[in-house]
Every structure is written in C-alpha cells, then in structure tokens.
Amino acid sequence: MEEFLAEHQLYIVLGIVLLIWGGIVLYLLRLDKKLAELEKLIKKG
Amino acid sequence: MTYVKYGSIILITLVIVAGIGIPMSLEPAGFFEFPLIPGLEDKARNIFFHVPTAWTSVLAFLVGTFFGIRYLRTKNIEDDYKSVSAAGLGLLFCILATVTGALWARFNWGTFWNWDPRQTSIFILLLIYGAYFALRSAIESDEKRASLSAVYSIIAGLTVPFFVFVMPRMMAGLHPGARDDPSGKGPLMQSGMIAGNMRVFFYLSLLGFTLLFIWLLNLRIRAARLEHEHSRQQH
Amino acid sequence: MIDFELTVNGLTKEFNRRSIFRDLSFTLAFNESLAITGRNGSGKSTLVKTLCGLLAPTRGKVEYRSGGTMLEIDDAKHKVGLVSPYLQLYDEFTGLENLLVLSNIRANGTSDHDRALHMLERFGLGSRQDDYVRTYSSGMKQRLKYCFALLHTPQALFLDEPTSNLDAEGIEIVKAVVREQRNAGFLVVATNDEQEAGWCQRRIDLG
Amino acid sequence: MRSALSSTFALFQKDLQSELRTRYALNALLMFVVTSVATILFALRSDQPSPSTLSGMYWVVVFFTAMSSLSRIFVSEEERGTTMTLQLVASPSVVYFGKLIFNAVLTISLTVAVTLLYTIVFSEYFIIKSSSIFFATVLLGSLGFAAAATIIAAIVAKANTRGTLYPVLSFPILIVLLMTVMNATTKALEGAPFSDALEDFQILAGYILVMTGGSFLLFDFVWKD
C-alpha cells in the first residue's frame, strides 16, 4: 500500500478530491433530508 | 444565483479535469504541461483541492462574523441564521481541510500531524467552530443565543491577527512561506515553478470553491428561513 | 412640582419569536400611578423589567424625560426604584452593608449612611441591620428590598408583587410608601391582587 | 467620569469583600494549584525538566486553575439572582471594568502562588535567571488572561452548561496568549537579555488592548437580557 502510493502519487490526489467531494455530498444529503422534513411539516401544518 | 450555481459546477469540474489530467514534465513546454517538482511530483496537484477548502473555511468564518455583527446592530433574527449557516459550512470545509491536509502531510512530510503553523491555525479554527456550536446548543432563548454567539465569534475573530504574527515565530513551518523556508515562498510558490499555468488553475479553483460556498450558503439559508417561518406559524 | 415622566411607545417584547406583549403605548406623568394586572405568565414582570431599562424591547421605545429633556437610560436608572421577586440582595453582607455597598456602586453622590439607617428603621429592620442577610426570613428580605429601592429617593417606583412574604405590619408600611410616592414621582404596581391594583389610578391588563 | 471610576472601584471592593467572606473562588483555586503541581511532580519524578517544559507546566497550571475560578465572577451573580440588582445600580461599562479588575487581581495572586510553589518544589530547575522578563511576562500575561476570561465568563453565565462550557470557549481565545507567555517564560528561565523578549511583550500588550477594547464594546450585548 505504502509503496504503491509512493509510486502512483496521482492516487493521493484522487483520494483528496474524493474526500472533499464526499464531504460536500454528505452535507447536501443532510440538507436534502432537512428540507424533506420541512416539506412534510409544512404540508401538515 | 444561476451564474453562481453553474459557475461553481463548471469551474470545479474544469479544475478537477485539468488538475488531474494535465501531464507533468521536468521541462514544461507550453501551457498544457505542469512543471514537475522533485520531492512533490504529482502531489503538487493537491494545491488545487486542499488549499481552496482551507480558504473557504476562513471565508465562511468571516461571513459568519459579518452577519453576527449585523445581528447585533439590527436584532433581526434572519441575520442570525445567516450567521449560523455560514458557520456550519465553515465547519464542514474546516474538517475537509484538516483531513485532506493530514493526508497530504502523511505522504509529503511523513506524519499526519506536525504542528506546523498552518496546521495549528486550522486546528484552532476547528476549536473555535466547535466552541461556537457548543455555546449555541447551551442557550435556550433564541435572541440570547443569537447575540451571545455573535459576540463569541467577534471575540474569536479578534485573536486571528495575532496568530498571523505569533504562529510563524513560535514554531518551525513546513508549509510554503514559513520562517525557516529559505526562499520565503516554498517550492510551490517559487517564481517560475508554479508561475503561469498552475497559478491560473489555482485561482480558478479558489473562485470555483468561493462560488460553491455562496451556493451552499444560499441553500442553507433558504432551509433555515423555511424552518423559521414554519415555527412562527405554529405559535 | 418636578417634571418627570415616562413615555412608552409601541412597546413589543418577543421571546423565542413569541410575543409577550404587543404595541403598548402610554404616558406616566408626575403624581400618576399605574397598575399592571394579568394572569401568571402574562408578562407583568417582563414589562416591569423593560420599563426599568433592564430588558431591551424587541420593538418600540421607553423614554424618561426630566424637565422636558430625554434621559439616557443609565441616568434614568438612578431615578428608578424597583422591588421585584427577581431582584435579590447579597447574602454574605449584612442588611446595612448591602445598602451602603449598592449606593457606593451607584455613586451619584448620595452614599448617605444616615438615610440607610433611617430606611432600615422605618422597615423595622433596625435591630437586625448588622446581621447577615442569609439569616433573614423571606419577609425581612422583602423589607430590605424596599430599603434598597427607596434609598436614593427614586422618582419612579416600580413594585412587582409588592406584598409577597410580608406580614400585616409590613403591608401597612408598604401602603404608607405608596401614598408618599404619589407626591414624590410616579408609581407602577404589577400584581394579581385586586386590592393592590386599587392603589393606582389607572390600569393595564395584559390578559 | 469620576463617578464612573469610583463606581468601578466600589464594585471591585464589593467583589473582593464578598470573596474574602465566602472564599468560593479562593479555596478552590488554592486546592487546584496544590493538586495540579503535585500531579506534575509525580509525573516528572526523577526527570530533569528543561526550561521550556517548566514554563509550559507553569502556564498549564495557571490555565486550568483560572478555568476553575474566573467564571465565578458572573456565574455567582446569576445564581444568586443579583444580576438585576447590579444592572439597576451600575452601567455595563462599570460592571465590566469592576469585574475585570477583580479577575486580574485573582489571576495575579494565582501566578504568585504558582511561582512560590514552583520555586519550592523545583528548587533545582525553576530558577528565574532573568527576573525582569519573568515579572513583565507574568504581569502582562495575567492581565491578558483576565481580559479574555472576563468576557467569556459573562457569556457563559447566561448559558446552561456553565462548568464544562467555560474551558471549551476560553481555550481557542487564549491559545495565542498561552503560546506567547510560554515562549517568554522560557526566555526568563534561560536568562535571555530583556530585549530578546520585547517582541513577546508587544504581542501581549496588543492582546490586552484588543481584548479589553473588544469586550468593552460588546459587553452591553452580553450583560443585558
């Protein structure tokens, strides 16, 4: 693993890009859930 | 907001494609070849992704504090949820910057964490965000919560200029621009090395992330406004 | 006659987006008195605190005028006396020390030792003035609060639940204070009690 | 102006007298100093601490002890229901500066206690070679500590989970100060010339000014409900 990453450093960059992307996606999913809940509440209210 | 939305998507996509796709060579010829820096090699491409997250979390802190100050002046609760929305995004990008930074550090400097001045700064920013949300969850009254957390973020903001002076003097740095960096710029920023094409994509990336932040902030504020209006109808 | 008055304009207070009272407007001039009535939780105490400048209103204005000129809220506070269940005195000081310490902090030139002694005497605390407040009964503490409220001869006197914990003798003293206040400024009483509300000429009902 | 000064002083006197009678903060403070120094002693045992370790340990004790007692200044008023009484008799700036002076005095006496204890238990290693740097550092450090701790104490007094919240809120604000005073204290233990620490003193002075000024401007929003 260690050696592989030292050889193919592009994967480290890829990992970092995916991490950032993953973080933003998680945030968006949470926001989506929140909005869905709100929609339900507003329909009821 | 349409420009912001599509602008951020296009810019970040462009930067990801260019940042990963453009080949590197020791003697770059033309615009579509990045310079290869011995010791950094492909890892230099991280600058397009890691640095903008740190930048966005600092920007979010400033925006949050700005709305905090505005709340104290207007006492309009809408300014408070703008402020807290910015802080929430700031926390997200702060975590991302810390994690990606630690990962990069692991493969460049050998360990995940070195207490280099910028790592320390982002850690403190993380602590400030943590304290901010801990404070908010400990106050029941909306008005009190809004004004106390605004005051706290201003007080925290007041210490920031000191870090800029204090930190580099206290500890050895590994990031470009640290005290014991002989060139004063670090390998990435050295003239000629990043000059030209890399710099273009770096600034495009900063712009892209800034637009992304504005877009996310807008979404978050709209959700908060809905929530607010809903609870108002309940009463 | 001294010209001292309180003007309230469009006063609204909200807590957690719920309004406690809304759009109150009235004027209190010298020699006038006002009773604030209403159920438990209707916001009587909140209104009194807002009028004393201890709470910032969500909207609207509270203005004190002396001789036609508007007073800064910090100056107006020196002319305000307040008795309230939310206002406590220091347990670790004696009755007399409490009055002296607080009047020293107020420091508008009247840290009058004799006046403090006189007030304690009047409220029947003379014999206990050098005992720590933590040894006082709740009725005695209420009497001491009156001493504190009247120490600087306030032109505006606010009484929130004026007779709580007081015995018959205490209530008589309070009634005398109320009568005197009519000639010394204006008076606001927040209460549930019909009789106490009857001490005042006008009334606001918060529902 | 004059009356504001005398009010501030009267408030400070009241807090001092009240503290001397109840000894809420003082007893906890002394016990904290003794126990934490004892713990450090157990941990180091036969090791020879370097000046930078000692200066670090010094300020660790000061920080955590201060965290146990500096918040009391507003929490005690809030708990006893005397906040309104104070609001009625004093303007916010009088309250802020009165409390600030008290906290500064408390922190200074705390550093005196820690210094004495350290000179006794670490008599071989804790030798103040440059006393001018040491005293300036301790004085400026205490003032900076008090300036930041007072406004945070005022914020915490209005929240629900006060005990745990105080160090959480204070630490990020105090890191700059801690780093600077640790640096300067190391210089004092190593016997550096006074001019070596000038930069640290400038940072400390700036910190005191900015924190006090900022707190003074913002205190209104915290103090009034």
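As written, the chain order gives the labels A, B, C and D, with residue 1 at the start of each chain.
We adopt the following convention: contacts are C-beta pairs under 8 Å (C-beta built on N, C-alpha and C of every residue); 3 or more make two chains touch, one makes a residue touch a chain.
Worth saying up front: this structure is predicted, and the values here are computed from it rather than measured.
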{"item": "Closest chain to the centre of mass proxy, which here is the mean CA position", "value": "D"}
{"item": "Between B-C and A-B, the pair with more C-beta contacts", "value": "A-B"}
{"item": "Inter-chain centre distance, chain A versus chain B - centres from mean C-alpha coordinates, in Å", "value": "16"}
{"item": "CA centroid of chain A to CA centroid of chain D, Å", "value": "43"}
{"item": "Distance between the centres, which are taken as Cα means, of chain C and chain B, whole angstrom", "value": "52"}
{"item": "Averaged-CA centre spacing for the pair chain D and chain C, given as whole angstrom", "value": "37"}
{"item": "For chain C, residues contacting two or more additional chains", "value": "56"}
{"item": "In chain D, residues with contacts to at least two other chains", "value": "225"}
{"item": "Residues of chain A touching at least two other chains", "value": "none"}
{"item": "In the complex with chain D, residue positions of chain B that touch it", "value": "72, 124, 127-128, 130-131, 134-135, 138-140, 144, 147-148, 150-152, 154-156, 158-159, 161-163, 165-167, 169-170"}
{"item": "Residue ranges of chain A in contact with chain B within the complex", "value": "5-6, 9-10, 12-17, 19-20, 23-24, 27-28, 31, 34-35, 38, 41-42, 45"}
{"item": "In the complex with chain D, residue positions of chain C that touch it", "value": "49, 52, 54-56, 74, 77, 80, 82, 84, 86-93, 101-109, 148"}
{"item": "Touching residues (chain side chain B, partner chain C) in the complex", "value": "75, 77, 140-143, 228, 231-232, 235"}
{"item": "List of chain C residues in touch with chain B within their complex", "value": "14-18, 56, 58"}
